[in-house]
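The following pair of complexes shares a single chain, chain A, combined with chain B in the former and chain C in the latter.
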Partner chain A sequence: MSLLADLPAPTAPPRQEIRQPSRKPFLPWLLLSATMVILGVLTGYPVLRLVVMSFQEYERAQLMGLPAEWVGFDNYATVLTDVEGFWAVLGRSFALMVVLVVTTMVLGMLVALLMIRIGKGMRLLVSVGLLLAWAMPSLAATTVWGWVFDTQYGVVNNVLTAITGDRWFGNSWLLNPWSFFLILTCIIVWGAVPFVAFTLYAGLTQIPEEVMEAAQLDGASAFQRFRLIQVPYVRSIITVLVILSMIWDLKVFTQVFVLQDIGGDRELTNTIGVYIYQTGMAQGHYGLASAIGVIFVVVMLAISYPYVRRTLREEEL
Partner chain B sequence: MIKIRRRLADTGFGVLALIVFAFSAFPVYWMVSTSFLPNSRIRGEDLAFFPTPDLFTLDNYRAAMFGEARAPFPPAVLNSIGVTFLTLVIALVVGFVASLALTRFQFKGRRTFIVLILVVQMIPGEAMIVSMFRIIDGWQLLNTIIGLTLVYTAGVLPFTIWTLRGFVNGVPKELEEAAMIDGCSRAGAFWRVTFPLLAPGLVATGVFAFIQAWNEFVTALVIMQRPEAMTLPLWLRTFLQATQATNWGAVMAASVLIAIPAVVFFLIVQGRMTGGLVSGAVKG
Partner chain C sequence: MHRDTKSYPGRNPNVNTNRLVGAAASAITLTLALSACGNAGGAATAEETGPGEVRVWLVGSDTPVEARDYLKKTFEEENPGSTLVIEEQAWEGLVDKYTTALSGSDAPDVVEIGNTQAAAFTSAGYFREITADEFETLGGSDLLPGFVEAGDWEGNHYALPYYSGSRVVFYSEQILGDTEVPTTLDEYVETAVDLKTDDLSGVYWPGQDWYNALPFIWENGGFVAEQAEDGTWEAGFSSEGGLAGLEQIQTIMTKGNNAPADTNEADLQVPFCEGKVAFLSAPSWIQWSINAPEEPEDPEGVPGCASTYGKDLQGFALPGKDGGAAQVFAGGSNIAIAQKSARPDLAMSAYEILLSDEYQSILAGAGLFPAKTSLFEQVDQESSIGKAAAEAAANAKLTPASPKWADVESKMLLQTAFTKIASGEDVKTVAEQLDADIEEILNS
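Here is the complex of A and B:
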C-alpha cells in the first residue's frame, strides 16, 4: 500500500505502556528542557519582542536609549497605506513566487520524466549535474551567475557577441529590473529543480510497471498515461512540493540581496525579506520593519497551514 | 518502422539529457575554471574556457586569501568554523535528547510539542532580523561567535529534532524490549541496541545542520557587522561591494573555497533526505 509496507505498521501502544511512564512523568520533560529553554529564549522571546516593537515608535534614537513610545497601530497603518513601498514589494514577491514555483515544478517534472525514460548511464550523468546544482550554496550560486552575466566580460555577453555579430559588451543585465528578475529566476530555479526532480522521480518509480503496461496495451498515449496515471499517483508529492516551494521562494533573500550588490536597482527589485532589512537595518525604522515582519510571519504561517496539517495526519499524530 | 522511431526517440532523449546535464553543471564548472585563470584571460574579450596548463594559476586564490580585502580571510574562516561547529554540537545533543522524549515516551503535551516544533520551522528568519538584532545587542553579544551560535542553534534545532525523531522512530522499539527481557536496563538497552543503529541518522542530521549554519547569510549580516567578526559568506560579499571593478577571478576563488565543504558534505548525505519526503508522501 505504501512505501512503508516493509516497516512495522505504526500501531497504538498497548495500554500498560501508556501507564508505564506515569511513574516518571517528569523524565520526558527533563529531556525536553534544554529545547524549551533555547526555543523559548531565542524563538519565542524574539517573536514577542517583534510584536511589541511593531506597536512602538522605534527609530535610531530609541537604539541610543530613548524610551520607546507606544503608538498603537500607527506602524501598521503606515505600512498598509504605503502603496508604492509595501504593497509594491508584496505584489512583486508574490508574482516572483508564482513564476518561480510554476517554472520549478514544470521543469522538475519534465526532468523527472526524462530520467525515467533514459538509460542507466545517462541517468547517472543527469543525476551528477543535478546534485552539483543542488549542493551549491545559494551565495556561491549567485556570484557565479552574476559573473556569467557580468556587464563587461561576462560569458553571456561574450557568446552573444560571437553569435549575433552585434557588440554586447557593456550590456548591463542587472540594471533593468526585468532582466534582473530573469537572472534571479535562473539562479533560484537552477538551484531548486534538482530537489523537485529527484523527489518526483523517486515517486514516479514507485508506480507498478504492470499499471503503465496495461494502460499502454489499452491504447493510452504517453500524454494520457501521464495525465491519468502518473500525475494522480504522485499528486500528494506534488502538493507538498508546491507548498514547500512557495515557502522557500517567498523567503528568498540571499540571491536578491547579493545580485543587488553586484549591480541592481534596490528600489525596483526588493522582495519582502530584503525590504525588511532595508527598512529596519539600513534605514533605521525598526518599528516599521517589525510591523512588516509580523505581517510576513502571519502570511507564511497561513501558507504553511495545509502543509503542517497534512504532515501531522501522515505522521498519525 | 517502430524500431527506427524508437531509436530516434532514444537519441532525442539522450540529447535532452545532455542538455540538462550541461545546464546544471555549467555554472559550477565555470566557477572552478575561472578561479584558476589569469586575470588577462578573464577580463578580456578573448575569454578562456578552460584553464590549460600554460594558463593555470593560483593567483586568484592568493588574491582572495591574502590580498587587500575589506574583511580579512583568516578570522572569517575561524569564525565560520567556530560558529558552525558549536551550532552542530549543541543542536545535535539537545535535539537528540528531545527526539528521544518525543518518540520513546507517552506523556501529556507530547502532541502539542510536536505541532509546535513543526510550526516553529515555518517562522521566517528574515522577518525576525530586527528583533533578533535588538535582543543580541541588548545582551552585548553583537559581533561575537556566541551570539551568532545562539541564533543558529535556535534556527536549526526544530529541524534537527524533527529529522532525528524520524530516525529514532525507524528503529523498532521491539529491539529494545527484547534486550530488556534479556536483562538489560532500559538505558542499557537503549545505549547498546538503539544508539548504534541511529549513528547514520545522527551523522546525516548533523551534516544538514552544518550546511545550514555554514551557508547562512541574513542573520550573520545583521549580527556580525565588524570586518574581523564576519563569517565566510559575509567575507565573500565584501568582494562585490568594492568601489572599483569587481575582481571576478578572486570572487570565483572565494566562492570555490566556501562551496567545497558544503558541496562535499551535501553529496555524502543527500540520499537520506529525498527518501524521507517520498516515503511520507506516497500513498499507493
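Here is the complex of A and C:
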C-alpha cells in the first residue's frame, strides 16, 4: 500500500543486538531529540499550561501578572452545565462534522473513480484543478466565497436576478444559519475533496487489473465491482481518511471565523474552535476557555484512538 | 488551517496525536506563551536611556497623513537618534489583538483604543498610569471630560482622549432636490420612508451599524444599560422608550433603506458615490472619503466622487425628538501608553506630542474634534458639516462605563440584534433577548 510505504522498519536486525548487548541504543534518541524538543516546546508546554489554567481563574488581569487563583473544577462545572452555550456548540460542531465528512468522502470517491476512467490529458487537467483548490489558503478561499455570496454585489444574487427576473439584490445568504452552514459546507468540502480524491485515487490504482477483469468476465456489474472489490481493497485507506476528516472538520476554525465576520449570527453559527477563541481571546475568560479546550482535547483523543491503534497494528505486521 | 500537508495518514502516529492535541490548544497557545513572559513582572524592569525605537499603534485611517508626518518628524527632532514607527491597526478584532499584543514582551509603546473599549484594558492593568502631575501637563481639565472618564479606572488616569467625532447626517443636494431637511426625529423617519425607491435609500443603514441606532433609543427615553444602587446592571432596550426607539429604527431599516441587513458600516462612501443614498449618518471624517477624487493620485487611495455627489455635500445634526440635535453616540478614541512599553520615557515623549496643541490642531483641521475643548474652535464650523458636527458633539453620550462592555462589543451582540431588526423580526423579542444577553455579561 503506497500510503504506508514510508513507515520506518519496525525491528532492528537481530545480529546487532547480539553484538552490542550492553550498549543502550543512543543514536535513535539523538535523531529523535530535535523532534522531541520542538514538540515539547510547541505542543507539550502549551498543553501543560492549558491543563493548569483550566483549574484557575484566569482573566485579562492575570495575563498582566496578577497571581491566578486556583478554583478546582469550577471552570469545568461552568462549562458542562452550560447547555445553551457549550453543549449547543458541541452538538452543532458534530452535526456539521457528519455532513462534511459524508459529503467529502462521497465526492472524493466519485472524483477518484472519474480520474481512473478519463484519459491522460483530462486527468492532468483534473489533477491541476484539484491541486489548485487544495493549495488555496483557506483564508483567501473563504474571502472569495464571501464575495460570491455578497448581499449587494455578489455574483450569485446577480445571476439569480438575471435568471428569475426577481430582485435578489439585498438577499442575505449568511444571515440565516441554514444557508450560512450551506455555504460553509461548500467552502470546506471544496477545500477537502482534493486530498481525499488523490489519496483514494492512489489506492484504487493499486488494485490488480486482473482481479477487476476477472470479475467483469464473471458478469459483475460496475456497481458490484465497486462494492465487492474496489471498496474492500481500499477499506483501510477509507477508515484513515474518515478519521482524519472527522478531526479536521471538528476543529475547523478559519472558514467559520471569516464567514462570521463577513456576516451572520455568531451565537447561532459558532463551532467549537471559534467558541474557544471567542471565550478566551475575545472575551478574556482564559480559564473557562482552557477548560473547554481540555474537554475538546479529550474528545479529539477519543476520536483519533482508532486511527492510532490501526496504524500501530499495521506497523506490527 | 483546515488541511495540512504534514498530515498524511501513515506517518508516525505519535507525531499525529501530538499534533492534534496541539491543534486543539492552538487558539490558546499564543496566549500561554505570552503569559509566561507576562508573569515575569509588571512594568519594564530596566529603564533604558539613549536612543531607541517607539512604536505607535493608530487604528483605522482616521488620523490624517499630515498628522502622522508631524508626529514622526517632531518626535525624531526632540529625541535625536530615536525613531518613531506608526503601525496602523484595523478596528475589527482590536480587543483580541490588544489583549495578546499588550501583554507580550514585544508590546507597542503607545496605542489608540476605541473609547468604549478602553475599560477592558484600564481595569486589567494593560496601560501605564498617567500621574496627576503628568495629567496636568498634558492638558488637565482642558481634556474632553467624557473621554477622560472613559479612560479612568478606580480614580486613576490610564488612557486620555485622542479625538472625538460624532455622527453627522450627510446628503447631496442633487439627490435631495426640493425635499426639506427634517427637523425632528419623527420627520427624519417619515422623510426616509417617503424618499425610498428601489434605487434610492432614504437613509442608508447597514444592519450591523448599531452606533447609529443609539440616538433613537436615547431620544425616546430608553437607555442602553444602567447600574442600580447595588451594582447590578439593567439593560434598557426592552424598556418602553427603548422599544419605541427600536420601532422607529425598524421602520427606517425595512421601509426606508436598501442597505443589506447583515453588513457593517465599512466603506459607506461607495453607495453614496453611486448616488443611491439620500441621507447617510456617518462620522464627520467620511466627508474626505466622499470628496476624494474619482481617480486618486495615490495608487492605494480609495476613490470618492469629488466631481459629482461630493460637490454639493451638506450635513446636519440628527434631529432630536422635539427638534434640536439628538443625543448621539460619542464616537472617538483614547490613547494610552502600554504598561509593557520597553521605553516608557520615549513613549511619554511621543504621547506629549500626540496631545500637544499643534498636533491636535492638525486633527481639528481634518474635521475631527480634538482632545482639548479649547481647540474646538479650530474645527471649521463655517460649512454645514462642521456646524452639524459641533452640534452633535455637544449632545453626545457614551456607552455604559463597565469594563465588561467591551465583551458585549466583541461578542457582537448589538450587531446581531440590529441585523435581526433590519430583517424584520419582532422588535420586542429581539430587545428582550438582547437585554438578557447584555445583563448576563455586565453582571457576570
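Just so we're on the same page, the second predicted complex is superposed on the first by the 275 of 317 C-alpha atoms of A that agree within 3 Å, B and C clash if a C-alpha of one lies under 4 Å from a C-alpha of the other, contacts with A are read in each partner's own complex, and residues count from 1 in each chain.
As a working rule, a contact is a pair of C-beta atoms (placed from the backbone, for glycine too) under 8 Å apart; a residue touches a chain by one contact, two chains touch by 3 or more.
If you're wondering where the values come from, they're calculated on a predicted model, not measured in any experiment.
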item	value
Chain B versus chain C as contact partner of A:182, first or second or both or neither	neither
Partner chain(s) touched by A:132 [first = chain B, second = chain C, both, neither]	first
Touching partner for A:122 - first (chain B), second (chain C), both, neither	first
Contacts of A:95 with chain B and chain C, given as first, second, both or neither	neither
First, second, both or neither for A:281, with chain B first and chain C second	both
In the superposition, chain B vs chain C on chain A residues touched	B
Partner chain(s) touched by A:206 [first = chain B, second = chain C, both, neither]	first
Chain B versus chain C as contact partner of A:140, first or second or both or neither	first
First, second, both or neither for A:266, with chain B first and chain C second	second
Contacts of A:34 with chain B and chain C, given as first, second, both or neither	first
Common ground on chain A, meaning residues reached by chain C in one complex and by chain B in the other	3-4, 7-8, 35, 39, 42-43, 45-47, 49-50, 53, 134, 137-138, 152, 169, 195, 199, 237, 240, 247, 251, 253-254, 261, 273, 276-277, 280-281, 286, 289-290, 293, 296-297, 300-301, 304, 307-308, 311-312
Contact footprint of chain A on chain B as seen in their complex	13-14, 16-18, 20-25, 27-28, 30-31, 34, 42-45, 47, 94-95, 97-98, 100-102, 105-108, 110-111, 113-115, 118-120, 122-135, 150-151, 153-154, 157-158, 161, 170, 172, 174, 214-215, 217-218, 221-222, 233, 236-237, 240-241, 245-246, 248, 251-252, 254-256, 258-259, 262-263, 266-267, 270, 274-275, 277-284
Residues on chain A engaged by chain B in the complex (per definition of touch)	1-4, 7-8, 13, 17-18, 21, 25, 27-29, 31-32, 34-35, 38-39, 41-43, 45-47, 49-50, 53, 111, 114, 117-118, 122-123, 125-126, 128-141, 143-148, 150, 152-153, 155, 158, 161, 169, 190, 193-195, 198-199, 202-203, 206, 233-234, 236-237, 240, 247, 250-251, 253-254, 257-258, 261-262, 272-273, 276-277, 280-281, 286, 289-290, 292-294, 296-297, 300-301, 304, 307-308, 311-312, 314-315, 317
Parts of chain A lying in touch with chain C, wherever the complex brings them together	3-4, 6-8, 35, 39, 42-47, 49-50, 53, 59-66, 134, 137-138, 151-152, 167, 169-170, 172, 174-175, 188, 191-192, 195, 199, 237, 240-241, 244, 247-248, 251-255, 261, 263-267, 273, 276-278, 280-284, 286, 289-290, 293, 296-297, 300-301, 304, 307-308, 311-312
Parts of chain C lying in touch with chain A, wherever the complex brings them together	1-3, 7-13, 15-25, 27-29, 31-36, 38-42, 92-93, 95-96, 99-100, 103, 120-121, 123-126, 198, 208, 258-263, 339, 407, 410-412, 416, 419-420, 423
